[in-house]
Amino acid sequence: MIVPRHYKEMPQRYRLQGNRCKACGKVFLPPRLVCPCGSEDLEDYSLSWKGKILSYTIIRTPPTQFKYQKPYAVAIVELEGGGTVQCQVTDTSLEEVEIGKEVEIVFRKIFSEGEAGIHCYGYKCRVV
Amino acid sequence: MIVPRHYKEMPQRYRLQGNRCKACGKVFLPPRLVCPCGSEDLEDYSLSWKGKILSYTIIRTPPTQFKYQKPYAVAIVELEGGGTVQCQVTDTSLEEVEIGKEVEIVFRKIFSEGEAGIHCYGYKCRVV
Amino acid sequence: MRDVAVIGIGITKFGELWWQNLRELYVEAALKAIKDAGVDHLDSMYVGCMTSGLFCAQEHLGSLMADYLGQKHLPAYRIESACASGGLAFRLGYIEVASGMSDIVLVGGVEKMLTGADATFALASAADQEYEAFHGNTFPGLYAMIAKAHMTKYGTTREQMAAVAVKSHDNGSKNPNAQFPLKISKEMVLNATPVADPLGLFDCSPVSDGAAAVILCPVELAKKYTDTIIKVIGSGAATSTIALHQRDDITFLDAVYQAGKRAYEVAGLKPEDIDFAEVHDCFTIAEICCIEALGFCEVGQGGPFSEAGNTALDGKVPINTSGGLKSKGHPVGATGVAQIVELVEQLRGSAGERQVKNAKRGLAQNMGGSGGSSVVHILEVQ
Amino acid sequence: MRDVAVIGIGITKFGELWWQNLRELYVEAALKAIKDAGVDHLDSMYVGCMTSGLFCAQEHLGSLMADYLGQKHLPAYRIESACASGGLAFRLGYIEVASGMSDIVLVGGVEKMLTGADATFALASAADQEYEAFHGNTFPGLYAMIAKAHMTKYGTTREQMAAVAVKSHDNGSKNPNAQFPLKISKEMVLNATPVADPLGLFDCSPVSDGAAAVILCPVELAKKYTDTIIKVIGSGAATSTIALHQRDDITFLDAVYQAGKRAYEVAGLKPEDIDFAEVHDCFTIAEICCIEALGFCEVGQGGPFSEAGNTALDGKVPINTSGGLKSKGHPVGATGVAQIVELVEQLRGSAGERQVKNAKRGLAQNMGGSGGSSVVHILEVQ
């Protein structure tokens, strides 16, 4: 069911393609049509693939489509040069996940969807 | 996903168990807590298994869970002794389905639900 | 209660908009309305949307849309009444402005239907899920049953229904935002792929993505923004039995009748005082039943009335000058707001090729499900 | 705008109510409220519900509920703002009565969550589906992130969070309608099954079925029905950034702060004027953040403030006397209305064992998602 929705989001998910307000400098992923500062003058901006963990959790009771991955960590990552994302922490033991840790964004399969098992890809991060 | 919901509805679907307003005589399936006439004095009432077609259609573009059944007829059936239901017309050629035709209610599988293919049963009608 | 005016309108293209998602559609229409009105802030927002849950697994649209519209902390409400969601959102925005609680209110409607979700299944959530959809009936199926009964009771014909579709496409061909801006022939309607007998593909409104938005404010304040004051002079809403088979007469849409009656009463008007109307033609038979319930013709006479050309752009009462749901498209949550947009275009005299002559008073009628809810507004240019 | 009073309340048992479906739950609560008020008709109805689409494949609740309540033709609206749906429905009912458009308005809230649908998936529709839920985060996960950040920034401890749960269950044990009317110990909370670190099972409100309803009318009219006039003296609503990671400070719920600020302004009151409050404790950390944002304690001090007993039934400001979402249960669409029901019980002095002494002014705060929307009401007994 999610496939046409997902297709639309690929530039954001595959290349961290967002945008940046030319008036106030705020960075957005996904890209926005208008900034909370009121400006509609935004430029394309690819977010950095490096950042650090602002907060995180370990998910132990996931929704159905993530049931085979549990337990897994999800983090809020502040990226260098602006912008934040929320994503899973991969290639990292759960004990290593901490607030303040430096991470890099990596490209991964996120889950498989529906009866046909369509793979949905996107970004995760790993502690470096 | 529908199973616990369906379980709740079994008395209505398996035995046409509704109720009847003691104040105005109106018959309801499913049973109601209050009649539009304002009365809350309702008694259990099993609807008749005989009736006639008030209107109908032939469904040619069904939702996914009915896709293997198309084309099929759905009718509004007015039951003897009060109450109306909406249900499929079964065991009847599509050409035979007409407004005013007499039908009897029969118990059938309605569709199979979800990945597990749980069977949901209920009433259909057939032209007699 | 204060008098209320519509001072801004915005609408997206309707259609299969694969490259725009739910939030982008909404924000595009809302920004257009804000600019059209020339307001520099909003006090409150109403979002009409039917089932972003089943189409996009996304609820909480008040927060999402206020956020993506850059309106931090804006009070925002999502209103749902199936395909009448947009019209009811408009009514609540109108009440809030009339009450004096807020001055500048944005009412938007949106639906993203082309997401890969089973649209037939999602739309059936407007019916009684357990006693209609459970048995395999669909939205076209419900209206098909109404059509069969109407044909039997009143002698309405397939040709009369086809005339409704032909007229709507004539109008829609003059609307650049329409999903299908093309003329069709009666033969095309009659020979189209059957969907739910007696309805074929050209009797049915399409599955659409789209959004529309309007800005409301008190009439007193409106004078600051515009010289063309378009006032809401009537509003009415009603519900009825949700399941078609439990109604006393399935050929008469009593929620439409009740909503219309209340709107006429508030406005102090009769059907013959209305210059043009947008009505909820999700199916050709729906337009026939709606014009009957709204009193534009006698009950049972919607078919011949339409076939005789009374509802055409130059007819007695032009119906669905925008192309209606049929030709313009039907992103369900957006539809009721898009009807108001068309009324304002006509009352401003800016409807271009589809302009109704001397359009002073327009009526918009939006409907949920198979007629389980309806809402009617009457707008007048001062 | 007219002054508005709450003259009737009704609520179902909250819990795993397998034998009651969506419409039956709603109608039970609504009939109780109608009888409690003693009104003989309704002018309008608001139905708060989050996601009957994803739980029951049923939208169009205005029509469905008016129909099954036997209220033919009643104008009815379904309001959605995730878990704040009930509170926002109440606000809109309040606006309609205040405006003068309607006299007797029923506001109901309902959620049927135990349907076999994946509740974790359905509830995630309150978050940013594409940028939070897509990545596998869940509702407990979002609040767990808030908790981690709050612990890091302010030194809040697991024991302080546990104290919130223990207090709520103490109150809930005195509420016959509560889903879990049982006392728990701090050790039970700390040793419970982990759900999303640092939150365990007893930090989380349960998945629940239930409904609640209230009747509103103008204060002038209320005197006809009751001698105990309970007046709505403050109302505020606000939204904020929907996605947690896009907020400037995830430990501060700014939609709650804004909604509270507006409600206090309307009422002309400060936090210290409030005798007791129902706040949106979907998780223990949520109650801590909410009492901070509402000004009942300093920002960052919600943990120690709670642990010291200030929020207990006999504390400085009793919080969640009903048991809160934690012990009473959290049928999401019903919650905001159920909070009003508890306020009225307390203000009437009919809260039994959990009665707050000298309860003259109560505050209800309802919240959607991870704080993307919030609504606050203040009620006073005259």
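The first chain written gets the first letter, and so on, giving A, B, C and D; residue counts start at 1 in each chain.
Going forward, contacts are C-beta pairs under 8 Å (C-beta built on N, C-alpha and C of every residue); 3 or more make two chains touch, one makes a residue touch a chain.
Just so it is clear, the model here is predicted, and its values are computed rather than measured.
Minimum number of contact steps separating subunit A from subunit B: 2. Among the remaining chains, A is positioned farthest from subunit C, on the basis of C-alpha centroids.
Subunit B and subunit D, compared by their mean Cα positions, are separated by 38 Å. Between subunit C and subunit D, the centres computed from C-alpha atoms are 33 Å apart.
Residues of subunit A found to touch two or more other chains are 5, 9. Contact of a single residue of subunit D with at least two other chains is seen at positions 21, 56-57, 71-72, 118, 121, 124, 130, 133, 243, 246. A complete list of chain pairs in contact reads A-C, A-D, B-C, B-D, C-D. The part of subunit C that touches subunit B in the complex is made up of residues 118, 120-121, 124, 130-138, 140-141, 144-146, 148-149, 152, 193-199, 243-246, 250.
Taken in their complex, subunit C has these residues touching subunit D: 1, 21, 50-51, 53-54, 56-64, 66-67, 71-82, 88, 92, 95-96, 98-101, 121-122, 124-130, 133, 237-243, 246, 254-255, 258, 368-369, 372-373. Of all the residues in subunit B, the ones that touch subunit C in their complex are 5, 9, 28-30, 54-66, 69, 72, 74, 76-77, 84-88, 99, 110-111, 120, 122, 124. For subunit B in complex with subunit D, the touching residues are 1-5, 7-9, 32-38, 40.
Interface residues of subunit C, counted against subunit A in their complex, comprise 18-21, 24, 27-28, 31, 56-57, 68-72, 114-118.
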